[in-house]
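In C-alpha cells below, several structures.
Each of the two complexes below includes subunit A, the first together with subunit B, the second together with subunit C.
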Partner chain A sequence: MNALIISAILGVVMMFSSILLKQKNAVRSVAVSGIILLLLANILEMSGTVFFKVNTRGMIVFDQFALLFNSIIFLATLLYLLLSAKDMEKVGVNYAEYFALIFFILCGITLVSSFKSLLILFLGIEIISIPLYILTGSDKRNLKSNEASLKYFLLGSFSTGLMLMGIALYYGARGTFSTVIDPLITVTANPLLISGMSLLLFSMAFKVSAAPFHFWTPDVYDGAPTVFTSFMATIIKAAVFIGFIRLFDDAFEQVQSTWRIWIAVMTAVTLFIGNITAVFQQSVKRMLAYSSIAQAGFMLLSLYSMNTEAKEGLLIYAAAYCFATIGIFAVLAKMNDYTFDGFNGLSKREPLIAATLTILLLSLAGIPLTAGFLAKFYMLKATIATPNSLWLVIFAVLMAAVSVYYYFRVIQAIYFKEESTSSPTIEFSPFFKGAMLILAGLVILLGLFPDILVNWLYF
Partner chain B sequence: MIAFFLIFLPLLTGLLTFFIKEEKLIKGFAFMSVLATLAVSVLGLTLFKAEENLQFTAQWMQPLGSSFSLKLDGMGQLLCLLTAISYPLVFLGSWNSTYKKPNNFFALMLLAQAGLMGVFLAMDALLFYFFWELALIPMYFLCSQWGGERRIQVTFKFFICTFVGSVLMLIGILYLQSKTPDHSFSLRAFYNLELTTKTQSWLFWLFFLAFAIKMPVFPFHTWQPDTYEQAPTATTMILSGVMVKMGLLGLLRWLLPVLPIASYVWGDVVMSLSIIGIIYASLIAIRQDDIKRLVAYSSIAHIGLMCAAIFAENKSGMQGVLLQMFNHGINIIGLWIIVEIIERRFGTRKISELGGLAQKAPAMAIFFVIIALANIALPLTNAFAGEFLMFNGLLNAKSNYYLWFTVFAGLGIILAAVYTLNMIRKVFYGEVNTITAAATDLKLNEKLALGIIVVLIFWIGVYPQAILDVTDNFSQTLTDRVDISHLFRKK
Partner chain C sequence: MPINNYILLSIALFCIGIVGVLTRRNAIIIFMCIELMLNAVNLLLVAFSKMHAKAALLAGDISGTAGTDGQLFVFFIMVVAAAEVSVGLAIIVMMYRNIHSVDVNFLNRLKH
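On to the complex of A and B.
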C-alpha cells in the first residue's frame, strides 16, 4: 500500500516540479530521491510497517510475492534513472513530465502486481499503457517516434478492448470480478469462461509481446527514444508478466489443462521467432527488441509450469533481465551509431564500460556465474518437473544457444574489432561508470547467491 | 583444503594479474602462481594424501539442492597434476613470445586454469556445469583476441559447438536431479539412481554429445583443427593438452557410472565412431602440410583411441586411458612447444617450406624426435605403457566386435608412424633451404621445458606404476560400478 500511494503522490510532485524548479539537475535529483523513498517505503512494508491502512475490500492484496517484485522493479527503476536520466534531456523539452509519467507507470505496476480483482488488473494495465503511449511519442519532431506512438496506441487500444471483453465474459461465467476462488468450488470449463480466458490470454500476450502478438514490438521499440525503449523493454515487460502469472495462477488455475498447451505452443513460437529474427538484425536496438521477445519466451516457461520454482524463477528472471538490459540500453543511448559496428573497439577507449557491458551480455546469453544463467536455470528446472515437457525444454535450450550468436556479436565488436578512426569519441562520466559497475556487480552477486533474493519470499 | 587451494590460487592470482602493468612483472607473477599451484598439487599426492585433506565442502545454493563440494579422487589427482605441470611448461616454453596487453593474456590463462581445476574436482553436478562453462569463457577470449587471421569466426564456431553440447548436458543434469529422492545434485545421489534402459538411453546421448564435442570424437570434431590452428600456441597447448581431458573425465565420472546400462547398450556405436575417427583423422594427417594442423589431427586420433578404450569397460582399459590422458597431455605440449619455436623463428608452419633443421639445430631435432616417437608409442616411452594397456582393454572388451575394433585401432598406430616420421624427415632432414639457413638452436628456457618433458616421457615409460598406483583404486571402483552383469543374472 505504501508504494501505491507514494508513487501516485510522487507523480503529481514531479508534474509540478517543472514549474517550481528551473534547473534540470534539481528535477533529476528530486526524481532520484523520490524513487529511493519509494524503494525504502516498500521495503519497510515487507517487514511489516504499513503507513496507510486502506480497506480495499480484498481487491488488492500486497503479499510477499507482490512486495518483493515491487522492490525489484523499484531498484531497477532507480538504476535506470541513475544511468539514463541525463539522456532524457536530449529527447524533448518537457523534462519533468517524463519523470511524472514514469512514476504514474510505477503506480500502475503496483496495481498489476497485487490485484485480486480483474477491475484492478484493468486499471493497472491502463495506468501503465497510457503514459507509455506518450513516452513513445515524446520525441515530437521525429517521424519514427510519432509513427511508433500511433502504432502502439492503436494496437494497444485494440488489445485493451479484447481484455475488457474477456473480463466481461469472465464476469458472465463466474458472477464476480474477483480472481480469488474458494478451493472447495470446482470451476468447470464452460465455453463462457474459456472464451473469456482466451481473450484475456491474447491481450496479456500482446502486452508482453509474445508471438503471434509481437508484431508491434520491433517497430515501437525502434521508433521510441532509446531511453524510453529501455524502460518499456525491461520494467514494463516484467511487470505485465507478474500480472500475467497472477491472473492465470489465481483465476484460471483449475482449468490449467485447457490453457497449458496453448501456452506451450506460444512459448515455442515466441522463442523461435524472437531468436531467429534477432540473428538477422543489423541494428543493435532492433536486435535488443527481438531479444526482448526471445527473453519473453523464456519467461513464458514459468507460466507454463506454474510451480513454486517457476514463481521464484520469474522473480530472478525479472531482476536478471531488467538489470542486464537496462545497462546495455544505457550504453546504447550514448552511441552515435546503433549498428554492431558502432561498438567496434570500445574496449580500447573504455575498458571498464566494455567489461561491464560484456558481463551484462553474458548474463543475457545465460552463461554461468551471472544472474541470467540462474534465471534460465530456474525456468528449465521448473519446466522439467512438469510431465511431458521435455520437448519444450530441449527446444528452449537450443534457442538459448542461438541467442549466444547475436549477443556475442556485440562482444566481438567490443573486443576483437578495430574501431573506425572517423567516429567521434563518446564521453562516459565517472558517475555513469560507477552505476554500470553496480549493475554488473548485482548481476554476478545474484548469479552466485540467488538465495539473497529468493529468501525474502519466505519471511 | 588441497582441493580448495587448487581452484582459488589460480583464480585469485588470475584476477590480480589484470591489474599489473609491467610485462616482466606479469610473466614472473604468473609463473610464480603456477609453480605454487604445482606445489600444492604435489603436496596433495605426497604429504597430505589423507582423505580429509583432499575434500572440501561448503554450503552453496542450498535451496536448489546443490553444494560446493570438491574432492580429489584418483582421476582428480592425476588430472590436477597434469594441469599443474602443464602450465609451468607452457609458460616456460613460450617465455619469448610477446603478447599485446600481456596482463589480460596471463590473467585469462590463469582463470582458465581455475576453471579446469574446478571441472576436475567438482563432485556436484551443478558445480561441474558451472566450471565446465567457466573454463570455456577465458578460452573464448584468449583465442579470439590473440589468435591468427581467421580467429574470430573459428573461435565462435568452437564456442557455439561446445555451448550447444553443454546446454544439452544441462537438461540431462536437471532431469537426473529431478529423479533423485532428495532432489540433490551430488554425484553420490546420481550414482544411486536406478533408471530404466529407455530413460538411460536418451539421457546418454544428451551427456555424450557434450563430451563428444569437447574431446572431440568423430563426427563432432570439425571445430578442432581450425581452432588449434588459429589459437595462440600457448592457448592451443592448454586446449589440446588439458582441456580435451574434460570430455574424457566427463565420460569416466559423469556418464559411465551414472548410466551404466545405456553405456553398455550404446558402447558399440561409440566405439565404432571412435575407431572411424582414428582412421579418418590419421589419413587426413598424412595429407597435411601445416604442422599445427597435422598435430591437431593426430590429437583427434589419440583421443579416439582413449574414447574407445573407455567403452571397453574393463580395468586394464580404464588404467590405460587414465595413464594415457596424462601422457598425451605432456607429449602434445612438447610437440606444440617445438612447433611454436619453428613458427616464431621461420615465420612458417608449412612442412614443404622447411628442411634440414637437424644440421642447424641439433638439440631441437633430438628433443623433437624423442617426443614424436613418444607420440607414436615406441617402447620405453610413456605412451607405450598407456597404449599397451588400452589395447589389452580393447581385446578383453565385452563387445562382440572387439577383434575388429582392436585391429582397426592398431591400424591407427601404423598410420601415426607414417605421418609423424614423414614430418620428421621433411622438417629436420633433407636439404637446408633459404628459410632454414639462418636457423639457431634452442634457448635455455626452451631446453629446460623440453628437458623436463623428455625426463617425464622416459620416467613414465620405464616406471608407469607410479601413475598407475595413483589411479588404481579409482579404476577398480569405476569398473565395479559400470559392471552390469548382475542385472543379467537376476533374470
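On to the complex of A and C.
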C-alpha cells in the first residue's frame, strides 16, 4: 500500500514541480529522489512497516511476490531515470510532465502486480496504458511519433474493449469479480467462463505483444521517442506479465487444461516470429523491438508451466531483461545513427561503454555468468517439470541459439569494425558511465548469486 | 425478459463494434466503434447484475447487495472511457494538425 499511495502523490508533486522549478536539473533531482523514496518505502513494507492501512475489502493484496516485483520495477525505474532522464530534454518542452506520467504509470503497475479483483486489474492496465499513449506521442512535431501514438491508442483501446468483454462474461459465469477461488469449490468449464477466459487471454497477449497479437509492437516501439521506447519495452512489459500470470494463476487455475495448449502454441509462435524477424532488421531499434517480442516468448514459458520455479524465474527474468535492455536503449538514445553501423568502432572511442554494453548484450543472449542465462535456465527448468513439454523446451533452446546471431552483430560492430571518419563523436558523461557500470555489475551479480533475489520471496 | 435476449443484444453490439474497428479507415469512426464495444459491455454487466441479484433473492438472500458490484463496474468503465476519449481525441487532433487527415491508411508509413 505504501508504494501505491506514494507513487500517486509523487505524480502530483512532479506536475507542480513544472510550475515551481524552472531548472531542468532541479526537476530531475526531484524525480530521482522521488523514486528512491518509493523504493525505500516499498522495501520497508516488505519488512512489515506499513504507513497506510486501507481496507480494500480483499481487492488488493500486497503479498511478498507483488512487493518483491514492485521493488525490482522501482529499482529498474531508478536506473532508467539515472541513465535516460537527461535525454528526455530532447523530446519536448514538457519536461516535468513526463516524470509525472512515469510516476502515474508506476501507480498502475503497483495495482497490476497486486490485484485480487478484475476491477483492479482493469483499472491498473488502463492507468498504465493511458499515460503511455501520451508518452508515445510526446514528440509532437515528429510524424513517426504521431503515427505510433495513434496506432498504439487505437489498438490498445480495442484490446481493452476485448478485455472488458472477457471480464463481463467472467462476471456472468461466477457472479463476482474476485479472482480468489475457494479451493473446495470446483469451477465448471461452462461456455460463459471459457469465452470470457479466451477474451482475457487475447487481450493480455495483446498487451504483452505475444504473437499473433504482436504486429503493433515494432511500429510503435520504432516510432516512439527512444527514451520512452526503453521504458515501454522493459518495465511496462514486465509489469503486464505479472498481471497476466497472476490472473491465470488465480482465476483460471481450475480450467488450466483448456488454456495450457493455447499458451504453448502462442509461446512457440512468439519465439519463432520474434527471433527470426529480428535477424533481418537493419536498425538496432527495430531489432530490439523484435528482441522484446522474443523475450516475451520466453517469459510466456512461465505462464505455461505455472509452478514455483516459474514464478521465481519470472522475477529473475524481469530483472535481467529490464536491466540489460534499459542499458542498451540508453546508449542507443545517444547515437546519431540507429543502424548497426552506428556502433562501428565504439570500443576505440569508449572502451568502458563498449565493455558494459557487451555484458548487457551477452545477458540478453543468455551466455553463462550473466543474469540472462540464469533467467532462461529457470524458465526451461520450470517447463521441463511439466509433463509432455519436451518439444517446447527444445524449440526454445533452438530459438535462443538464433537470438545469439543478432545480439552478436552489435558486439561485432563494436569491436571488429572500423569507424567511419565522418561520424560526429558522442559524449558520454562520467555519471552515465558510472550508471552503466552499476547495470553491468547488477547483471553479473544476479547471474552469479540469484538467491539474493529469490530469497526475498520466502522470509 | 430472459437474460439470453440481453446477452444476444450486447454481443451483437460488440460484434458491430469489432467489425467497425477492423474495416473502417477513419480514425474518428474507429474510435466510435471502440466506444460501442465498451457500451455493449456496460449493457451486459447491468444485465448480469440483475440476473445475479434475482438469483440471490431466490436463494433466500434478502440483503439486496448481490449483483451491485456489476453496476459499480459500469461507472468505472464510464470514467476510464472518458479519460481515454480525452487522450484519444488529443492524439487525433495532433495527427490532423500534421497531415490534415484522420485516415489510418497513413499509418502504413511506419513500416518502411
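In the analysis below, the second predicted complex is superposed on the first by the 459 of 459 C-alpha atoms of A that agree within 3 Å, B and C clash if a C-alpha of one lies under 4 Å from a C-alpha of the other, contacts with A are read in each partner's own complex, and residues count from 1 in each chain.
Here is the rule we go by: a contact is a pair of C-beta atoms (placed from the backbone, for glycine too) under 8 Å apart; a residue touches a chain by one contact, two chains touch by 3 or more.
No experiment lies behind these values; they were computed from the predicted model shown.
Bringing the complexes onto one copy of subunit A puts subunit B beside subunit C with no clash. Once the two complexes are laid over each other on the shared chain, residue contacts for A:384 go to subunit B alone; subunit C is not touched.
Legend: residue contacts after superposition of the two complexes on their common chain; A:89 is shown touching neither subunit B nor subunit C.
Once the two complexes are overlaid on the shared chain, A:249 sits clear of subunit B and of subunit C alike. In the superposition on chain A, A:341 makes contact with neither subunit B nor subunit C.
When the shared chain is aligned, subunit C comes close enough to touch A:219, but subunit B does not. More subunit A residues lie in contact with C than with the other chain of the pair subunit B and subunit C.
Once the two complexes are overlaid on the shared chain, A:168 sits against subunit C while remaining clear of subunit B.
After the superposition on chain A, the angle subunit B-subunit A-subunit C between C-alpha centres rounds to 140°, nearest 10. Between subunit B and subunit C, the minimal CA-CA distance in the chain A superposition rounds to 28 Å.
Looking at subunit A, you'll find no residue that touches subunit B in one structure and subunit C in the other.
Of all the residues in subunit C, the ones that touch subunit A in their complex are 7, 14, 17, 21, 27, 30-31, 34, 37-38, 40-41, 44-45, 48, 51-52, 55, 66-67, 69-70, 72-73, 76-77, 80, 83-84, 87-88, 91-92, 94-95, 98-99, 104, 106-107, 109-111.
Within the complex, the subunit A residues that touch subunit B are 362, 367-369, 373, 377, 380-381, 384-385, 390, 393-394, 397-398, 400-401, 404-405, 408, 412, 415-417, 449-451, 454. Against subunit C, the residues of subunit A that register as touching in their complex are 119, 122-123, 126, 130, 133-134, 137, 140-141, 143-144, 146-151, 153-154, 157-158, 160-162, 164-165, 167-169, 171-172, 175-177, 219, 222-223. Residues of subunit B that touch subunit A in their complex: 61-64, 129-130, 133-134, 137, 141, 144-145, 151-152, 156, 159-160, 163-164, 167-168, 170-171, 174-175, 177-178.
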